[in-house]
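Per-chain numbering from 1; labels A, B, C and D assigned in written order.
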Amino acid sequence: MIIVVKNNPDKKQMDNLVKWIKGLGLDIHMSKGDNTTVMGLIGDTSVVDEDLIRSLDIVESVKRIQEPFKNANRKFHPDDTVVNVGGHLFGGGHFQLIAGPCSVESEDQIVTVAKAVKAAGATVLRGGAYKPRTSPYAFQGLREEGLKLLSLAKRETGMPVCTEIVDVRTLPLFEDVDLIQVGARNMQNFELLKELGRTDKPILLKRGMAATIEEWLMSAEYIMSEGNANVILCERGIRTFEPYTRNTLDLSAIPVLRDLTHLPILVDPSHASGKAKLVLPLSLAAVGAGADGLEIEVHNDPVHALSDGAQSLRPEQFADLVQRTDVLLTVCGKERDK
Amino acid sequence: MIIVVKNNPDKKQMDNLVKWIKGLGLDIHMSKGDNTTVMGLIGDTSVVDEDLIRSLDIVESVKRIQEPFKNANRKFHPDDTVVNVGGHLFGGGHFQLIAGPCSVESEDQIVTVAKAVKAAGATVLRGGAYKPRTSPYAFQGLREEGLKLLSLAKRETGMPVCTEIVDVRTLPLFEDVDLIQVGARNMQNFELLKELGRTDKPILLKRGMAATIEEWLMSAEYIMSEGNANVILCERGIRTFEPYTRNTLDLSAIPVLRDLTHLPILVDPSHASGKAKLVLPLSLAAVGAGADGLEIEVHNDPVHALSDGAQSLRPEQFADLVQRTDVLLTVCGKERDK
Amino acid sequence: MIIVVKNNPDKKQMDNLVKWIKGLGLDIHMSKGDNTTVMGLIGDTSVVDEDLIRSLDIVESVKRIQEPFKNANRKFHPDDTVVNVGGHLFGGGHFQLIAGPCSVESEDQIVTVAKAVKAAGATVLRGGAYKPRTSPYAFQGLREEGLKLLSLAKRETGMPVCTEIVDVRTLPLFEDVDLIQVGARNMQNFELLKELGRTDKPILLKRGMAATIEEWLMSAEYIMSEGNANVILCERGIRTFEPYTRNTLDLSAIPVLRDLTHLPILVDPSHASGKAKLVLPLSLAAVGAGADGLEIEVHNDPVHALSDGAQSLRPEQFADLVQRTDVLLTVCGKERDK
Amino acid sequence: MIIVVKNNPDKKQMDNLVKWIKGLGLDIHMSKGDNTTVMGLIGDTSVVDEDLIRSLDIVESVKRIQEPFKNANRKFHPDDTVVNVGGHLFGGGHFQLIAGPCSVESEDQIVTVAKAVKAAGATVLRGGAYKPRTSPYAFQGLREEGLKLLSLAKRETGMPVCTEIVDVRTLPLFEDVDLIQVGARNMQNFELLKELGRTDKPILLKRGMAATIEEWLMSAEYIMSEGNANVILCERGIRTFEPYTRNTLDLSAIPVLRDLTHLPILVDPSHASGKAKLVLPLSLAAVGAGADGLEIEVHNDPVHALSDGAQSLRPEQFADLVQRTDVLLTVCGKERDK
């Protein structure tokens, strides 16, 4: 970490800063120029509060040189992490498709969709039981009943299941869930992350809408530092000024993360765009960018045709998407897990 | 709500949409133009999922006409809400100062600061017991011990206290807290909001870093729809591309909110800027924009001079800030509560 | 266009608004609800200033139903526009590679790179003569001399050339340029756009850093409404809060634009990311998303090895990129123009 | 400038980088740690292209320590710059009001408004002759005729005038303009900035919608480095995700700029918000934040009542705003120029 100190700093404050840094077990390398003094901090700076130092009167600016994440850092773990979700491997060259409806609605619905997406090539079934909704007046999911229906679909199809947790108190109910999803809104719900870190469940950690890549990795670090290394990252769009898409899918994050971390990286093109017709091109783009898998919303509801046009694909559209991504995967030297 | 339908929509999908809308108890007013059909939905549209409709194949765009929030809406509650925090009134022309350290560190520290900020004019003591930190390696607060020290300071000074909740499971420990703060990262922790809605505690709801004003009010709605009307909003900066300040304080939000809602509106200039020297000008600006109060970080640590330069002010700087805002308040026709 | 009027609007203002709208040659369809009146404007609303109406006291909100762009709108021109750049076709299923150095530096440099990128598969040579730089102290390009060197390279290799214009007064010097680039910073330099609209030169219109897709298309409209239909769009990243990449490449814009407009759509992965190692994965992603071509920075400078690591690729890296994108293109049903 | 080099860098590339830096006349201070090498550049680094270095393969990150702006930098010019606009002083404790209509429409209109705003306290008349509009179909201003009408209003009232330039070719027509405005969209129209730098006219440089404070100061530097030191900065809102206001007014920029630069700083609350009712609270906030003046849209059109509700204030609203800001100014130790 490098600290740029202002011109003619107050001596007492300077002494206190030096003392405080040394108190953290770090050494200091001082370098005085004409207008500024630069302090180089030597040692493990991950404990240092960058914001605190930046806010000091005598400090002009601060630059971290070592990344503040350790467990998630590829520098210290050069090999790809491979996460096993109910027998299916994420990362390390494997490619997986997680698919299913936005919300679990009924036994018939979830089992039908599960069979359809399995037939098309999905290896993990997703379905929302607890739904974080902007409005308290919107449907909040079937909740505990939804989890039961997921278990049922799991038994019927043999697919491992993935569903979102929104309340740390419900964790015991997730016993039968194979991949616990942490949604964008809870990416910095640190107490939840810590609890998940104390389990050995695979965690699908979505990027927060306003989270930088570094903050996202620090949230992975919360889980990993408690002992659970089974973290899968999932890019799902960030908030920008562009109103046409619900969020702006940041596909550059994939090669950037590939360099910074050894964790598997998925992409969710359904939520990012909010529009069914964008799911296919963004899926192909994600494959091109190097994603280790996709999470896709698929809905099947022949009676209630409203769902036909939702951000979810119909099963036959999903099957088409799988075929097309397969061809690209072959080109990219990856193979879809079956 | 207005739905713009595409040219020549699929008839079956159109029929299904109409049927679904009517099933929600709404009437439809159809208006056909050359290129588009516009559907006007008549009735209580707060139950309608705007995103779902927007994602339909046959829909070009959707526009909500009624705001989706009801309890927080000034249209239905023209008078200002006044929230009583331990005898001090927020909203309705009152002006309050919440002040105290970023983190509670020791009995001596919190009591000393409490006395200092009370002497300078603060009416509510703030202090972090549970600290949401980006890094798991950073100090996470004294937690339960911190709450006890706050209670102690409350007894010593008679000041009501304000502190942040980060885990719904700790709510029973907040019995003696007068104003429970929900931080930016938990603004959409809906399960927490619902639980807080089932108490009668005043809630200080900070704006999420990537939250629109409407989303923020919908989070207030989560609390209010469960029965707790004691919500105070607090602007603390949004995330933008500007790196110089930690966040960009959105002071336009104050007059905008004044129009949309009857809830009291505070500003936290300390966290927004991340720099002590910006706190005074931004406090004066917030008063000019019409804020009902300020939340200010104040630190007092004569031994450990590191704090001298933090984003927190020293007590004497805070006292100066109070005097300056007082003069502006008089001009603005408000008076600081004493 | 739909105008939502507030409750109990001032009658005089309402009459004036109605009169003003009718004065623009539009009809009005009034629809009164309990709390709001909705006005539907019928006719060509592209002349209506949406911001002006939104700012009226009696207006709650405004929604445009017809897109404000006409010439660029696929609704009115269903077939893809194909732009001919020196014999190479952009759009309509063709795929083109524009490649070359960031700045033209010398005859030797530009001719060497031109030959290398041509051999690798590029069809158009790019090279900056006028460089828009954030700092006045940075190299501003060889300017007129740079244009001459480009012409020379064009004669030597037979490749059409693409270079950026930054000053409307220099337009006469661009006679020999085949594709005039308008950079992100000049996307809303409307006087420049109008002048370019009065030529018949193909224009490569880059997206502004803070431009919505609609604003970008309105800038295309500036060129087209003056008579020049040879506009090619180029996505190059938008400004967000993420600091890791210089800009955030918005690949969702490609399928969105494909739907909204008939113009060809390119992607520039070099400038968006600012990092050479991101160029290949983002190029593959762009192909997956459906781009009609790429603009890639390629540098060749064996002596001055600094350039080895720049955001520019070396010729052999570019040749590798071409081979890889070719395989994806085949899969996507496109073929690279040769 | 500090360059963090990656682990085990390629020796040839490292040598080339060192050679290149020394070729720029800079010295290098090397500091080798376990995982990284840090290079400190000593000398005038304003000529160094930060982006270029950042993009090198062997470089992990770059940090500028000296600000890249010199003429605009308060470090080298501690005293406030005072700009004289037709006898009225901007900066150095003075406070000025620029007011007038969005567009010049007729002699009657501009003269009437000029007299009204002068009577209310404005010292400089603004009025748009050339209007940069998102749509080519929107009114583009009276252009040269508008400039003539401004001159006429200047002669009638004695007020200096301020108007926007959008095309470098029209500069000769601005002879009689006292303060030339560069709008947000042209903040990085560097060729225009250079030409303005060759005049001695006061320049009102608005912040670009996506410009960081540093980029904004670099644009001021473009003008100043050509010899014109008469630059006034004007904050007018940045682009964010919040849709309620047209832009987000960044009032933190005022105290930040006060620290970084000696140039006068104005605020334009009309364009930022796009709503007349936000102009007063944001004006008071701007005064609280320490602005040196305001630019306010004022419209007077008794016949055409549309303007009553525009983002422009009516003259009597402006007069009220002046009285209210005056009281705040007194408190803030400033006085409005008369």
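We adopt the following convention: a contact is a pair of C-beta atoms (placed from the backbone, for glycine too) under 8 Å apart; a residue touches a chain by one contact, two chains touch by 3 or more.
These numbers come from a predicted model, not from an experiment.
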Are the two sides of the chain A and chain D contact the same residues or different ones, given that same means over half of the numbers occur on both copies?
same
Comparing B-C with C-D, the busier interface by C-beta pairs is C-D
With chain centres defined as C-alpha means, what is the inter-centre distance between chain B and chain D in Å?
31
Could you tell me the distance, in whole angstrom, between the mean C-alpha positions of chain B and chain C?
39
Chain C and chain D: spacing of chain centres that average the CA atoms, whole Å
26
In chain D, residues with contacts to at least two other chains:
210, 239-241, 243, 277
Taking the touch rule as given, give the residues of chain D at its contact with chain A in the complex, in rising order.
2, 4, 7, 29, 31, 33, 35-36, 38, 40, 42, 60-61, 63, 65-66, 75, 239-241, 243
Within their complex, chain C touches chain D through residues 12-13, 16-17, 20, 46-47, 49, 51-52, 54-59, 68, 132-140, 166-169, 185-186, 188-191, 194, 208-210, 215, 218, 221-222, 225-226, 239, 246, 274-277, 304-306, 308-311
Chain C to chain A touching residues, read off their complex
210, 212-214, 238, 240-245, 248-256, 259, 272-273, 277-278, 281-290, 324, 327-328, 331-332
